[in-house]
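In the two complexes below, chain A is the common chain; its partner is chain B in one and chain C in the other.
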Partner chain A sequence: MASTQHVLLSPAELAYLHEALSLTPPIRPDGRAPMQFRPLVAETEILPGTNGSARICFADGTEAIVGVKAEVERTRGYHGDEQEEGGEEEEEGGEERREGEREGQGEWVELTVEIPGYRDDDAGTAFLAAMLSEALLADGRFAKKLWISRRFHWKLFLDILLISPPLSYPLPLLSLTTHLALLSTRLPRLKSEGDEDPFFDDDWAAAPYLYPQGTTTTRPPITLLVMAVGRNIIFDPSKEELAVADVVLAVSVGEAATNSASTKGKGKAIGGMDIDSAAAQPGRSLRLLSVRTVDPPSRVTPPGMPNATNSAYGVAVSVQKQPEARTVEAQAVEGVWKAPRGGAKPAVMAALVQKVLERGGVADEVLDALEAVELG
Partner chain B sequence: MPITITAPKAVRPSYATADNASDDSGSDSSSDNGADLEGDIPMTSSSRRKEDKSYSIVTPGEVITDDPQWMRGHGTYVSASTAAIVSSVAGTITRTNKLLSVRPLRARYTPEVGDLVVGRIVEVQAKRWRVDVGGSQLASLPLSAINLPGGILRKRTETDELQIRTFFAEGDLLVAEVQQLFSDGGAVLHTRSLKYGKLRNGVFVAVSGMGGGGGVVRSRRQVWTMEAANGAGPLDVVLGVNGFVWISKHVETPEALVAETKSATTGITNLEESVSTTMYSSQNDRIGIETMREIARIRGVVTALVENGLRVDEDMLVRGYHEAVEMALLSGGGADDIYLGGERGEQLAAALTGV
Partner chain C sequence: MPLDTSAYSLALLRVDGRRWNELRRIHAQIRTQAAADGSSYLEMGHTKVMCVVTGPSEPGPRRGTTGGAAAGASKAAAEVAVSVVVAGFSSVDRKKRGRGDKRNLELQSTISNALAASLHTHLFPHSVIQVSLHVLSQDGSLLAALINAATLACVDAGIPMTDYVVACTAGSTSTYAAGDESADPLLDLNHQEEQELPGLTVATLGETDRVAVLVCESRVQVGRLEGMLAVGVDGCKQVREILDRVVREKGKRMVLEGTVVKGEGLEDMDLD
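Up next is the complex of A and B:
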């Protein structure tokens, strides 16, 4: 789905990058190890008017800000309310909801992404927003946290802003910033009880965190960008690296609940295969929430021209012979770029997902590092 | 640890601006009738500004002074209503006697005749290419300003016009020289020399060019060949004045090869002829792993220099590279460790500036 932005690189550059990234171990243009992320600078609670906010920037100046705002909203479809308001809404929905205590709804979260230079209804931007909210809601437990009473709930507005022009595909940056903002989000403490009109403590210091700290409860999900070149798996690819990728996946992972009984979300529990060894190994048990393939820009890059067919190559070229040299698809010549053709191999996709979900692996360390960021 | 997340620093050390600040204070003290510029500036945090002079940044539209004794320089304008000098860019104030100018923090490249630039073709037209050189407008490269293949100063024909994409196509990188400037700031390039033409066998990195604090500066040599460590062989480095940098494997120049094979006298005509053979090739030569590693290391040094606000020129880059090789040997990873981001970059910058 949705392609990343178009990159303009020369065939010689692409051939060089592809060759360097196909080596074992790969030589990345910025010298990072294959699993290494770009160093981040992060801070939280930077926007005074929000319930929670965070800022993350890269050394190259790419910077994202996320603000979370909450608002009390009347839960639609509740039977008691409908009678007050005239009751034209469907009643059967309200009856159903009464059965399940603390049921969350996806529409309680509104997420907008803004990227400078792109319209907000641009396909790429819409796709980014969809991917981020999908990861958040696939959990099934997130919306439940917003439940106040049967008549009221919190409505959460997540405003995700990329401040700088997108120098690389911004998905992981936005995801990590959203994660931090949600960790720092606090909602006023509820004083009222039961189904009466909600009444809150006005002491901000007493407001509890949406994700209580220091406990072993779950964290917000993160979405990581992983790509493969040949047999190499590369995390947090930069723009140049994406330009030669064979496969690019956006993988959303969340923490699996500590008690395995409550795994009833719609995401598949891939982590199930190592349940037997779960107690022995360190790290969290991770749960796959969603996987999206991102169309790599490598497929639309122009192919290089081998010297043999290049009419501008050589001393005694007969310039008159070839009227217009077309870019002909030929068999691979060493040192000449050829855009990857065909789909991704299932084995490669599986290896990518497996690498993300590894116990004590990359996702685990990213979650640890994000947790270590001081709130406030 | 695959990821490092750090808290933001209060003040980022910028070596380049620190130098300027000391220069400014020197010139200021010599002119004893210099007005107290600080007092004229309506800044809320004037106390902080005084103690930390190198970070006096003005923003566009900010009134620098309304004292009529100052003259306006680059990056400023005189507002029509109040006759005050107002900044038109975001940057630091510099004073030369009574001339006030603002050095922009980050600026686009302004071409000058004779500059060596690295550019990327973005558009192909009937008789010319449009080249992105990081300036405010695209530069143009006319078909008449390139060396055509097939020999000596051949006349340009209609066939050449038709197959213009065989020389340079969209996305191709080239090194060229600014030949001419238009009055609106647009540049015309040419590649009529042995050392110019299409780039291959290496990596590209774009940093800020002339104008910003760090970045590539005009210097004696913009192109040189250096011997890389760890048996990687010679490498070519092209520092475009516009801040586009190309690092590649050094390939023996065709004229040398011709001299070898023919063992004849390489006249001017032969030279012209032979350079055209590889000028428009987009096929990479075979590059060894060691060479690729050292190319990536030099790229790392360039980005580390820029991230830490240091200038990028031959001297700094060569010193930085040797420092980086030393650092890699001392670090746990050994000579294969080429990562120079984050803390490593800061270490490197500190070693280079001797603080």
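Up next is the complex of A and C:
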């Protein structure tokens, strides 16, 4: 699933779309406001055979199902297991432990993405899976929830299925569905104590949620797709809008713990923005977890040709080997489509991220909406 | 976990409390998804599958499908390209099946051949009908559920077909030759029975006795085959009734909602 999906639009259509989206306020092809999300239908705990599951349908018909399954696994590298493991293996495990526990904990979550018609080792699919798991593990608190004892931990398998054909870049859909599935995930209640072999309560009704209900401090992250056209910032772009985007960012945000100061997001994060100072404002304080640039499909769209150089309009054009290459290099002409080239301006990037983290902004709205989805 | 066959001979009840000729609960929905040309959702007991049909459409540079979709559709008739995705969370223990898994490939080619024989593919030359099936939960009779779901989705997509291709499984209560006299044929095996007992999957063309698919992957005494087949074919007729009711109900609702116009010659259609 590549973001560079070919859209069958002519250069003239692309130019029109680009112009409409760079107006103030921008006019989107589906009539939405720039900050407006597509309506969605969501349900949770649809599969009794899983620890947690969710299904989301977007209004454009794209649909995803996520199932979470957990297994108990022996923690590698624990020194108490010396008699069972070979000397060599034990040494290896011990080394890893010394190197840093967090890296080892990241392995406790396995995330796979299935998109119909695409191989599971397709570059685009792998990139989607990487972005989603990166956001999940970035806050460093998630893997700790899977800890049972010093010798055992839960291994969490997240299987993400896109049911519909990929009509638009499915990242927000998959991210929101994963969020809901994790919210509905329950793990059996532990009965054993300390480091003895884990023993669980077989009463499913007593199983606690992975993300405890009621407390809003800890919730799984969400990844939103934001794009910029000119100076306009547009959320949740459709396939056609992506085809004329200047910059596309996948921004992962999580909720900052209300009591502790927001720590900086690690990994690819630009850094925690200081937004806690605005505590008096309504809405939740959000925390930036990761930012990824997504290669927009607009870069591979064919350029238009101005009338001035078009031989079909009676302009005598000297014979040239590659007329297209020439027009690309030529100056931008009003109303003629030219694929965006080069990187994004830092100011635009900063504005995009700022807009996502805004109190009472889109991310807030989405989290509120997902909170309203009834569990069970 | 062995199936307690002695208990069966006592009360003639199976592990889940059914009698020999009873189907599990079948629940089906069509048009579950707005973006697809055709879609369906089917539950047979705890086996749950979803199907999405795209097409008939021009063959694109799609990958990861069987039946040589990459080589381009044949000229004379539309090609039915089936892809089956078995979700990792579908079975009790999580097992990841790759796309190149042999069992998956066999399921895909079986379904593709069965549908191609029943759909009027000659009406759509140079095109591809893409059927993608998702297995959400498995509890036996997987192939039968997949065939039924694919049929429903093709009906929803409006692809002309001769009749429903409906499938069902059948088995026999005893695995050893000595129990021949007491062996009863069983209808619609669940996972536990499928593990223990010989079974087959049969698909027929609608209400006729014409068999479209017959898959038997276990050893079975040849004398019992006839009985199993008869029970299976009988079960297919019951399944057809159920699927037909689902299609009719959906059609009725769509006419009432005004989504589609009532067809000619349907004055006797009961719209209450």
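To be clear about the criterion, the second predicted complex is superposed on the first by the 319 of 376 C-alpha atoms of A that agree within 3 Å, B and C clash if a C-alpha of one lies under 4 Å from a C-alpha of the other, contacts with A are read in each partner's own complex, and residues count from 1 in each chain.
Just so we're on the same page, contacts are C-beta pairs under 8 Å (C-beta built on N, C-alpha and C of every residue); 3 or more make two chains touch, one makes a residue touch a chain.
What you see is a predicted model, and the numbers here were worked out from it, not measured in a lab.
In the three-chain model built by superposing on chain A, chain B clashes with chain C. In the superposed model, A:Glu45 lies in contact with neither chain B nor chain C. Comparing chain B with chain C, the partner in contact with more residues of chain A is B. Looking at the shared chain after the overlay, A:Glu134 reaches neither chain B nor chain C. Using the contact criterion defined above for the overlaid structures, shared-chain residue A:Val333 touches chain B, although it does not reach chain C.
By the document's definition of touching, of the two partners only chain B reaches A:Tyr16; chain C does not.
By the document's definition of touching, neither partner reaches A:Glu241: not chain B, not chain C. Using the contact criterion defined above for the overlaid structures, shared-chain residue A:Ile163 touches chain C, although it does not reach chain B.
With chain A as the common frame, the single stretch of chain C that clashes into chain B is 204-212; none of the other options in 60-68, 132-140 or 204-212 do. Within chain A, the residues touching chain B in one complex and chain C in the other are 60. If you check the complex, the residues on chain A that touch chain C are 47-50, 53, 57, 60-63, 65, 67-69, 71, 112, 114, 116-120, 122, 157, 159, 161, 163-165, 167.
On the chain B side of its complex with chain A, the touching residues are 1-9, 120, 122, 148-151, 157, 159-160, 162-163, 165-167, 169-173, 198-205, 273-274, 276-287, 289, 292-293, 296-297, 299-300, 303, 307, 338-343, 345. Interface residues of chain C facing chain A in the complex, by the touch rule stated above, are 33-36, 46, 48, 50, 52, 54, 62-65, 83, 85, 87-94, 96, 98-99, 130, 132, 134, 136-137. Interface residues of chain A, counted against chain B in their complex, comprise 8-13, 15-17, 19-20, 23, 27-33, 35-43, 56, 59-60, 235, 240, 301-302, 304-307, 310-317, 319-320, 322-325, 333-337, 362, 365-366, 369-370, 372-374.
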